[in-house]
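Take a look at these structures.
Okay, so subunit A shows up in both of these, paired with subunit B first and subunit C after.
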Partner chain A sequence: MFKALMSQVRTIWTILQHSFTRAETVQYPEQKPYLAPRYRGRIVLTKDPDGEERCVACNLCAVACPVDCIALQQGVKEDGRWYPEFFRINFSRCIMCGMCEEACPTNAIQLTPDFEMCEYNRSSMVYEKEHLQIEGTGKYHDYNFYRVAGLAITGKDKGQAENEATPIDVKSLLP
Partner chain B sequence: MTELGTISFGLLIIFAAVGGAAVLTWFERRLLGVWQDRYGPNRLGPFGVLQVAADMLKLLTKHDWVPPFADRLVFVFAPTAIVVAMLLGFAVVPFGPDLYVLDINIGLLFFLGMTSLAVYSVLLGGLASNNKYALLGGLRSAAQMVSYEVFMGLSLMGVVMLTGSFSMRDIVEAQRDVWYCVPQVLGLFTFMIAGIAESHRLPFDLPEAEHELTAGFHTEYGGMKFAMFMLGEYLGLILICCMITTLFFGGWLGPVLPPVVWFCLKVFALICFFVLLRAAIPRPRYDQLMSLGWKIMLPLTLFNLLLTGAIALWMEG
Partner chain C sequence: MPTIRIDGVEYEMEAGKNLLESCLSLGLDLPYFCWHPAMGSVGACRQCAVVQYLTDEDEQSGRGRIVMGCMTPVTDGAIFSLDGDRAKGFRESVVESLMLNHPHDCPVCAEGGECHLQDMTVMVGHRDRVYRGQKNTHRNQYLGPLINHEMNRCITCYRCTRYYKDYAGGTDLAALASHDHVYFGRHQEGVLESEFAGNLVEVCPTGVFTDKTLVNDYTRKWDLQSAPSVCTGCAVGCNTVPGERYGRLKRVHNRFNAEVNGYFLCDRGRFGANFVNNDERLESPGLRNQTGSYDPVDHHHALQVMAEACSGARVAGIGSPRASVEANYLLRNLVGEDNFSPGFNDREHKLVNLALELQQASSAVTPDIRSIESADVILILGEDLTNTAPRLALALRQSVRNKAFEMAADLRLESWQDAAVRNLAQDQLSPLFIAATGSTRLADVAEENITLAPQNIARLGAAVAASISGHAGEDLEPEIAGHVEAISTALRAAKRPLIISGTSCGNAEVMQTAADVAEALCQSGQQTMLTLTVPEANSLGQAMLAGPDSPSLGKLAADGNFDVLVILENDLYHRAPEPEVERLLATADTVIVLDGLDNRTTSAASLVLPAASFAETEGTLVSLEGRAQRHYPVFAPKGERRPAWVWLLACSKELGLSTAADLHHFDDITRDCAANIADLAGITGAAPDHHFRNAGVKIPRQPHRYSGRTAMRADISVHEPKQPVDEESPLAFTMEGLNRSQPGSLLPFVWAPGWNSNQSLHRFQSEVGGPLRGGTAGMRLLGPGQAKESGPRENPPAFSPTQGQWQLVPRYRIFGSEELSALSLGVAELCEDGYIEIRADDALGLEVGEGDGLNLNDGLATLEVKINNSIAAGCIGYAAGHSGTANLTPGENISLQKAQGWKRRRPQLIGSDRSTEIGSGND
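Let's look at the complex of A and B:
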């Protein structure tokens, strides 16, 4: 009984000592917390170092998305590149899980540390391609999909990509 | 004091007590914040003090709703009872040598009676709500009050014995040499615990225990009726602190500063201590509460009573 009482007294003393500790609170709108570059916030579409859009409209992000908030349509440019004719993310559904970023083979879709995207209308939460596309390369500065991929586009034939051997004509007998 | 003076002073006390209780809602939250390493409401006005006004506005504009299954008359009456009883309790508190509404020779009994009346509010509120959580809350409060009222009164008898009077003024005057918190330390301890239980504040807030009973006896209440319950609770806190000050800490007595200032300072310090208890101590289980009341506090009080009586006789003889 006495021990229990002393335990209560010790609790009170411990709490009293907290009069002199600083509050842990981050007073948000005035005081912003530090967010790491890999924080999963608003989604952007990036461009490669040459200034061409990275997205090849492969639809992997839309497949990976657990809430089906990504919609896009593939188109083909004259030079053979694939690109999204439209690219739409419904952020009122997005759960910022980052699965799309993981699925993306060209590092085009990336999540940024910005989370302040409140709107008064639900329809304003639907971002089209022009809202998503940024000018920079995002987190991966040197990566250019068409430079490493074997796909032939205008100005780069098969076998001309980095670390790519020239294709072998299997129907020829010549060495 | 003249009759008019008494009435106007009484009105002043009512406004001061209600205003104090309102500010206390904000102050308690800030103080709890300090002890829990956060800020509490600090946005509205200087230090967030206008939070009181915002809360009040919100409660005032809420839909004043009585559930169709409730016992309408009792449901509406219950919240007023606690406020009225607690405010009446302030009548016997001496704020200074000449600052009191009522100095009756049974002041202490009057106070005990008024705090007991407040139980009806909780009990009837729980009963009239016609809701199982509310009923459980009311049930608990009834049992808690019965158990803790017993030694609440008895714990004060030591003070009465030493003073030889039930009048609050005489009790304060008798503490000129030494405050009763020294010879009556057991009485202070038991009265404080009974006081917390009586005003059902946090370590003993089993009637409302939001983790078990949603909100206990005031589950069905909203708007101003809910505000009345809260007001009554905070008034009860202030009243208990006033009583502890008067009975154990020498009331208005103190050097240099005017008596009223001393009284208010002591009450303020006690309120801070009660908030500290709320911040620090977890709520006991219901059977623990009961066994603490009957098996420990009551024998302790009786022992204190016996000891005080023996010493008083020995000093005389």
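Let's look at the complex of A and C:
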């Protein structure tokens, strides 16, 4: 009986104590909470440090997407780069799981700490490439896929990628 | 049957196989690169290493030796370990060293996702690159508009050269340089010469050779919607798997059929289906207005117009050998048997019907391609197979190796010991005799290449037949007589002789004498095979449907007084001389054309209906061996396009035809056709009907990883529609269902866990290289016939050239001679304009050289000259099927004059120019 009473008192005391602690609740939307850069919000397509499109249209994000909300078509630029002719994310289907970012071999697709995507019209949630593409490098500043890949593009010949030897002269008789 | 033990489990194996293929047949995962089921073993890549133990004690103590699975025959009592640490460690280190120089390319590689190297790397468990040295790099070569070269990705398994040189007989792809400088390419950049180069795309285990049209409009394998299809490029009927995404046909891959194409296609088949994406495709029905242009109308209106025109009128129908049996059958019912033309021109009509009749009547067997590969002596009369029925030519390149296999068998050498068998035989080949109107692309493997005019080819055939059956031949021209003895001796000594002829040289006597030779061999008790080629995918089916008494185009034009002419998928201007077509079209008041692509015939119509292409409709085609095969729609036709059979069935119903009353599904048409046409009674066996379910469910056209379903159409509407329902077949336009163990005619793609590449095929085969688990696709409609009793036939008359006159002989090209493939991306670049081939001495007499123009018969045609000294004397060759040659008829005698005002396409080369050109090419 006494034990039960003490429990009631302790509870009231604890609640009273909370009256003097700092409130965690913020006055959203007037006040914005801090979100870590790794927060999984709206998806963007980034550019490499040289300002070129990072996406090579490899389709790995699309296949990794559990709700199949990414569709794209590959094309080849004149300089030899692969790029997406169109790149569409249907955010009305997206569950912000971040699997696309994990699958992306070029750090092109990234999730950002922006979750404020409210629309009255679902079709406004369909983002095309021009809505997704940003000018910067996003979270990963240094990576440039074509500096590592073996594919030659204008400005980077065979043998000029990182860790590559100069092209072999097949007509040479030297050992 | 030998019993072997693998990791403690005993298996009964088939004798005469190697350990690798036996393991794969058992469903065990053993990685490999250089071995290929069609090309045998060389033990080059060291990837299929296993540990072999001599005794049980050795196995327990782990004292074994590493052997290569592909080089180890299965012997009774042998003990192996696949999973032992040593074997696994060895295999992992092999992949690790193969990956040393492999570039970081997978995201931008067209092989990614269906890459054998990716699969094998995952299978052995190699993950982290330890080597820190630099990667070797190579420069790529331009190999033509069809194949992309990315040499950095090579793992030097040598499959490409083994396929290209050893299997397909190509000469311009080789391994260059040595050690880790090895390079696979041409001596200089240029288009790959072999007609079968496209198979490199599937043979290469990684992304060195990829499909260029696919690379430029790429979709991963997991995103392709595919369906079992049949190639419409020629009459061979190779099985294919076209893949689609976003309404465009992206690529064509081989679909294994043990009796037809096996593992390989020709380049026309692989790259020639892209016409489906052509801009000239018709979008909606068009009704011609007063001004002569076309108003687009919807399909209801178009059908009403068609039905009104046909109702109560005299209607004639022109079918097409490139349309399906069912569409032609419906047209035949619509217009009546007597008014239905199969759509052949006069000569083709005679020849195709003769080919069918000869095969039905011959006691020789009409072989499938696998049987052709077993032939030990071959006689070809009047065919350049590589350009008319290409896949047969690739098969013949294997049959001439039977000599090598015989020699190997004598030494008890296994036939899969590829390097040993080739080394043993060197250049010894089974005899192949070719008599043609000029050089052929099989000349390099032929024992004798005989160049004769068509009439003389027939005389040679007749003389060989007479010699075999022991009749004394009459006196022959020396150019013929010299060959008869050798050919007939070889044929008499053969175990499985094969005679090949066909319609392509345009001479009925040639085919007739080929059948006579086969008959003579049968009479002497030999197991003889007879193949007669026909021009198009369904030529034989058309002959079976319409019969020899049906009107040809010329006859229809002559008879004709029709109100309405309905033309089904047939560009008449491509098929028959222009005046004849004009006459034919003028006989009718109303011309209604169903076709997929805009052409001259559709432009002459008053009503045009857009027909779905082969990739958008189902249909049955009868191949040259009389195999009825079903193709299925890969994707639903866009907009107002409808399959031809849908248009015709709807029109028949609109007209209230009693024949169409009970037809609701595609299968009903097939069944009705089989019931009414005796020759086509077997076509229902070509594929299961639409009620078939695979373990209770449909068969998916999409792999289970098909991506983007909720975004593909989101730009149009966010409300995703239901996937189209396929009511006509057991296949579904979804990823739901079961793609396993179904009949071979229903295999839309191959994939197995851990096997993403096309090498997963062995999981669908009853054994490696054997038929598919669910049975081989297609139904043979031709059995061995009953020979009619006939005495020795009269010898065909000899060819006698007249001064100032030349006989036209058709010459074919794999790219250009076929109408639709020539409109495909890439292939179009390789097609030439029409030309004539003429001997140098004739050219000298006419004062023309290479690149000049020649007038044929004062304006029949004007064509560019090519010098070809292999053309039979007194003949000139013309590029059949090419632009500007529709008016030419094989066998016609024509006069030639130098064309005035002819513009050369390239400046004429003189000696010094030529040397600079060669010099610059070497850079």
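Simple rule for what comes next: the second predicted complex is superposed on the first by the 167 of 175 C-alpha atoms of A that agree within 3 Å, B and C clash if a C-alpha of one lies under 4 Å from a C-alpha of the other, contacts with A are read in each partner's own complex, and residues count from 1 in each chain.
The definition used in the following text is that a contact is a pair of C-beta atoms (placed from the backbone, for glycine too) under 8 Å apart; a residue touches a chain by one contact, two chains touch by 3 or more.
Please read all numbers here as calculations on a predicted model, not as lab measurements.
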item: Combined model on subunit A where subunit B meets subunit C, clash or fit; value: fit
item: Contacts of A:R93 with subunit B and subunit C, given as first, second, both or neither; value: second
item: Partner chain(s) touched by A:Q27 [first = subunit B, second = subunit C, both, neither]; value: first
item: Superposed arrangement, angle subtended at the Cα centre of subunit A by subunit B and subunit C, nearest 10 degrees; value: 130
item: Partner chain(s) touched by A:K158 [first = subunit B, second = subunit C, both, neither]; value: second
item: First, second, both or neither for A:E102, with subunit B first and subunit C second; value: neither
item: Partner chain(s) touched by A:T11 [first = subunit B, second = subunit C, both, neither]; value: first
item: Partner chain in contact with A:M1 - subunit B first, subunit C second, else both or neither; value: first
item: Which of subunit B and subunit C A:S19 touches, first, second, both or neither; value: first
item: Which superposed partner A:D79 touches (first subunit B, second subunit C, both, neither); value: neither
item: More subunit A residues in contact - subunit B or subunit C; value: C
item: Least Cα gap, in Å, left between subunit B and subunit C after the two complexes are fitted on chain A; value: 32
item: Contact footprint of subunit B on subunit A as seen in their complex; value: 1, 8, 11-12, 14-16, 18-19, 21-25, 27
item: Complex contacts: residues of subunit C adjacent to subunit A; value: 103-108, 112-113, 134-140, 150, 152-153, 176-177, 179, 181, 183, 185, 215-220, 222-223, 245-246, 705-712, 714-715, 717-718
item: Of all residues in subunit A, those that touch subunit C in their complex; value: 56-60, 62-63, 65, 67-76, 82, 88-90, 92-93, 105-106, 122-123, 125-126, 128, 145, 148-152, 158-159, 161, 163-168, 170-172, 175
item: Residue ranges of subunit B touching subunit A (in the complex, touch as defined); value: 33-39, 276-277, 279-281, 296
